[in-house]
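What follows is a pair of complexes built around subunit A, which joins subunit B in one and subunit C in the other.
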Partner chain A sequence: MSRKQLDATLMTVAALVAFGLPLVVTSPTYLQILILLFFYAYLTTSWNLVGGFAGVLPLGHSVFVGIGAYTSTILTLQYGVSPWIGMLVGGVLAALVGVVIGLPTFRMRGAYFCLCTIAFAEGIRVMVENIDSLGPLKVNGPRGLLIPLKDPSFWHYQFMSKLPYYYIILVMLLIVLTLTWFISRSKIGYYLAAGGEEPEAAAALGVNVANCKLLSMALSCFFTALAGTFYAQLMLYFYPKGLMGLDLSFEIAFIALIGGRGTIAGPVIGALVLRPLNEFTRIYLSDMLPGLHLVIFGLILILVMLYKPQGLTAPLSAVYDKLARKITREPNAKGVAA
Partner chain B sequence: MTAVIQATLNGIMMGAMYGLTALGLTLIFGVMKVVNFAHGSLLMVGMFSAYWLIKLTGIHPYLALLIVPPILYFFGYYLQDLVIKPVFRAERQVREPLTVIIVTTGVWYVLDNLALMLFGAEYRTVRTAISNKSFALGSFIVSIPKFSGFVIAVATAVGLALFMRKTKIGMALRATSLDREAANLMGIDQYKVYNIAFGLGTAIAGIAGCVLIPFYYVYPSVGVVFDIRAFIIVVLGGLGSIPGALLGGLVIGLIESVFSQFMASTWTEAIIYAIFLIILFVKPSGFFGNKQDW
Partner chain C sequence: MSANILEITTLTKHFGGLTAVSALDLHIEKGEILALIGPNGAGKSTVFNLVAGVYPPSEGTIRFKDAVINGRKPWDLCKLGLARTFQIVKPFASKTVLYNVMVGAFLHTNSTAKAREKAEEVMAVLGLEHLRDRLAGSLTIADRKRLEIGKALATNPELLLLDEVMAGLRPTEVDDMIAVIRGLRDRGVTVFVIEHIMRAVMALSDRVAVIHFGQKIAEGTPEAVTRDENVIKAYLGGDYDAA
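And now, the complex of A and B:
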């Protein structure tokens, strides 16, 4: 068996497991945990398009989740537009906003960009909390929006069981992963990598760093906003503090950094590690000692950054490489015996 | 009109508190080129230290100024030495290591939630000898703890600026801030300088803690309120600039208290963010910023 075949087999197995999992996991509670796991993996993969490949650290992505959720929900509640269409409108809107933020901020150094994204996201959140209605649009301020149950159907993006949500977010995750894979192997991917590491050097070689970053920002914001609609339809209720707060933005960045920024598998691995940890420590520890689960969370973050600053994907893929060589009995890529 | 002037006075005094918090942040950024997300938590540690010291021993709040900042200095020194330095070492070649930002965020989570575990979530205040004292300035009332806070904040900023100009350590800090490779070649131990900078920044958070305790309440996530404002202030004043931090603090404090005379106070927060973004788009280096830093 060659290495390519091995990779393909494993990917197929992983996809089959992901699609078949609801056959085993039937409890809605656990299904919900899985849905949220994929939701975070999806968000982080979208974040990774700009945060990983463009070499900047956006810490305000929750604002795009908010744009997605508010756009589709307001369109549905007030104009009867299907959330599926609202989802696309929200995505395009978020991409435009992302470009508007990116235009002035991508010229700046990392720390400024970072603080800018935080200030922008918090600013929008505070504004939404202060606005009851914007012209004809009902925003409802800090109370948030409630989506009433209609007759559940695909067109209304409402379902009686958790199962359809599971498959929707799984397919969304696969799409954005595939896109990441294509980008990382494309010219833009290389340009981004070069511009993220050494913007001056890349620019000197004729790479239009700013345009590449803007494109990745637009894509990232577009896909992040789609997740907002998904969340709104899954929970049928959301409010600014929960949906657009800094906590969500930071958690996305944490998952990416622990998994491995700028790698394809990183966000998924990060979500696989952090989400269950987050859920279970919260369920079992927060009653005993409030705050303990976040102490553990912070410690893990510090430890991973201390010992594996590139994230967990690099050591894991080294292990996988070793195993794969044993299985395929291929010599080491460098031609040296392993 | 009287209300506006009174609000202006209050705004200046509260702004000085924000400026004092931002001072430590800007010092750490100036030297290390790292945004310290744990800074609000360090302020929280300073406030809780002052709180327990005053509560348990009953000493005058400003005597705590002689005890808390030195403790906080060593806390910051070893925090940087043991937790943050290893990450720096691992990412030596990167100018602005983003992983360090994430490590400071981890420190923030750990400190805030340790405080939550130890002390619970309630808001605590301690009654001190000066808590409710005030004096009249014409027809306006000035609270004594706030006024002395203002004086101490300005004194700290001036002291820090002098320290940076006149002392050998201060010069080493500035040299590292300008060009850490060149400073290294001149025999300055870069990591030791980072330890000192972080220690000093934390000690300033300790000063802020002592000054705030007589009139402000303390709770585990109190740092977040000051954190976000401090971020805005340092960008407004120019990251790394000492006068910028103080001036930025005053501006934010003024906006906050004067605007809240005319509109709901939740709106003033939105206005602060809006002004911040406008400044970034128009003059990203802030009032006194270094061009190379952005």
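And now, the complex of A and C:
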């Protein structure tokens, strides 16, 4: 068995497990936990397009989740547009907003971009909380938006069980992972990494660093906004503080930093570690001390940054490399054992 | 089209009240190796940065292949065929040597396979093949300098600006580097070097230009320049003359 075959086999197995999991996990509670796990993995993978590969640190991505959720929901509630179409509109809108933030800040070095994203996200959240209607659009201020139940159908993006949501977010995750894989192996991926690490050296090699970052920002914001619509349709209710707050922005960055920024598997590994931890500490520990799960997050982040500053993906892939080399070098032994 | 690949006329750069380069005239013929020397702080790197488009000149014109390139951005100039290295090397440290060179090789292709092919070719020319999968951050200074040239060379430049690629090298490594740069010229690349190591300047250059306080004080063959009184004064200080 060659290395490529081994990789492909394992990927297929992982995909089959992901698709087959609902056969085993039938409880809606656990299914919901899995859905949110994929949701966060998806969000972080989208974040990683700019936060990982372009070497900048956006800390206000929740605003794009908000743009997605509000756009599709307002279009559905007031104009009867299917959330699927609203989802795309929200994505394009978020990409435009992302470019507007990036245009002035990507040309500067240092923390300007990072600070700008936080300020922008918080500013928009406060505005949304204080606005009841924006022209003809009913935003509903801090009360948020409630999506009334309709006939469950694909077109309405509403379903009787959790199962369709599970598969929708899984497919979305696979799409954005494939895109990431593709980008990391193409010219734009090389240019992003180069521009993120040594902008002057990259420019001297013909890389228009600011334009590359803008492109990755637009892509990242587009996909992040799609998750906003998904969240709105899953919960059927959202409000500014829960959806657009800094908590969400920071949790995305936490997952990326712990999993491994700028790696393909990092966001998924980070979500696999942190999401269950988040859910269970919240279920079992929140009576003791509210907010304890955030303290635990912080502790884990400190430990990872101290001992594995590249995130968990680097050591894990080193272990996998070793194992894979053993397996591919001794195909017979493995064949006999199996 | 004139024989000069680069023509600098009355080039001036002010940084606030400081004039780093003042009314400098300089030209490089196609296929030539020109060395720019001068004491520390003479304005050599500023000249390079002006030519490479890092900042625009205050006055004067820079012509590359007969087109005025004042104020053009570094990435545009690179596409025109002008590449540079940095005095303080800037490798993409967390990536492999191959990856570093491929970033340069992507300039003329969108295909990863073609960029890899081109990068392998450049690494073979510079003797970097054995370091292919090493991380750039783990290289010795000599190899880093070589990688710096490799990245620039992968963009297929017609004019290559080398900013002190010998600094910090041991004598044997300097000899290797001299051979490398001669090899570049034989491949048709025009080379413009800033260098402090006089042995390398003497061995390499067809012509030498000397600047001091942003002004050109001498120009000519290496032998003529090193005998020039003004040059000796600039390096040793004017007081010696008076004494």
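The definition used in the following text is that the second predicted complex is superposed on the first by the 327 of 338 C-alpha atoms of A that agree within 3 Å, B and C clash if a C-alpha of one lies under 4 Å from a C-alpha of the other, contacts with A are read in each partner's own complex, and residues count from 1 in each chain.
Just so it is clear, contacts are C-beta pairs under 8 Å (C-beta built on N, C-alpha and C of every residue); 3 or more make two chains touch, one makes a residue touch a chain.
These numbers come from a predicted model, not from an experiment.
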{"item": "Partner chain(s) touched by A:118 [first = subunit B, second = subunit C, both, neither]", "value": "first"}
{"item": "Which superposed partner A:57 touches (first subunit B, second subunit C, both, neither)", "value": "first"}
{"item": "Greater residue coverage of subunit A in the superposed arrangement, subunit B or subunit C", "value": "B"}
{"item": "Touched partner set for A:193, first subunit B, second subunit C, both or neither", "value": "second"}
{"item": "First, second, both or neither for A:24, with subunit B first and subunit C second", "value": "neither"}
{"item": "Contacts of A:206 with subunit B and subunit C, given as first, second, both or neither", "value": "second"}
{"item": "Common ground on subunit A, meaning residues reached by subunit C in one complex and by subunit B in the other", "value": "none"}
{"item": "Contact set on subunit C toward subunit A in their complex", "value": "52, 54, 73-75, 78-79, 83-84, 86, 90-95, 99, 102-104, 106-107, 109-110, 112, 115, 151-152, 154-155"}
{"item": "Subunit A contact footprint on subunit B (complex, rising order)", "value": "29, 33-35, 83, 86-87, 90-91, 96, 98-99, 101-103, 105-110, 112-117, 121, 220, 228, 231-232, 235, 239, 264, 266-267, 269-270, 273-274, 276-277, 280-281, 284, 293-294"}
{"item": "Residue ranges of subunit A in contact with subunit B within the complex", "value": "57, 104-105, 107-112, 114-116, 118-120, 122-123, 126-127, 129-130, 250, 253-254, 257, 289-292, 294-295, 297-299, 301-302, 305-306, 309"}
{"item": "Contact set on subunit A toward subunit C in their complex", "value": "185-187, 190-191, 193-194, 197-198, 200-209"}
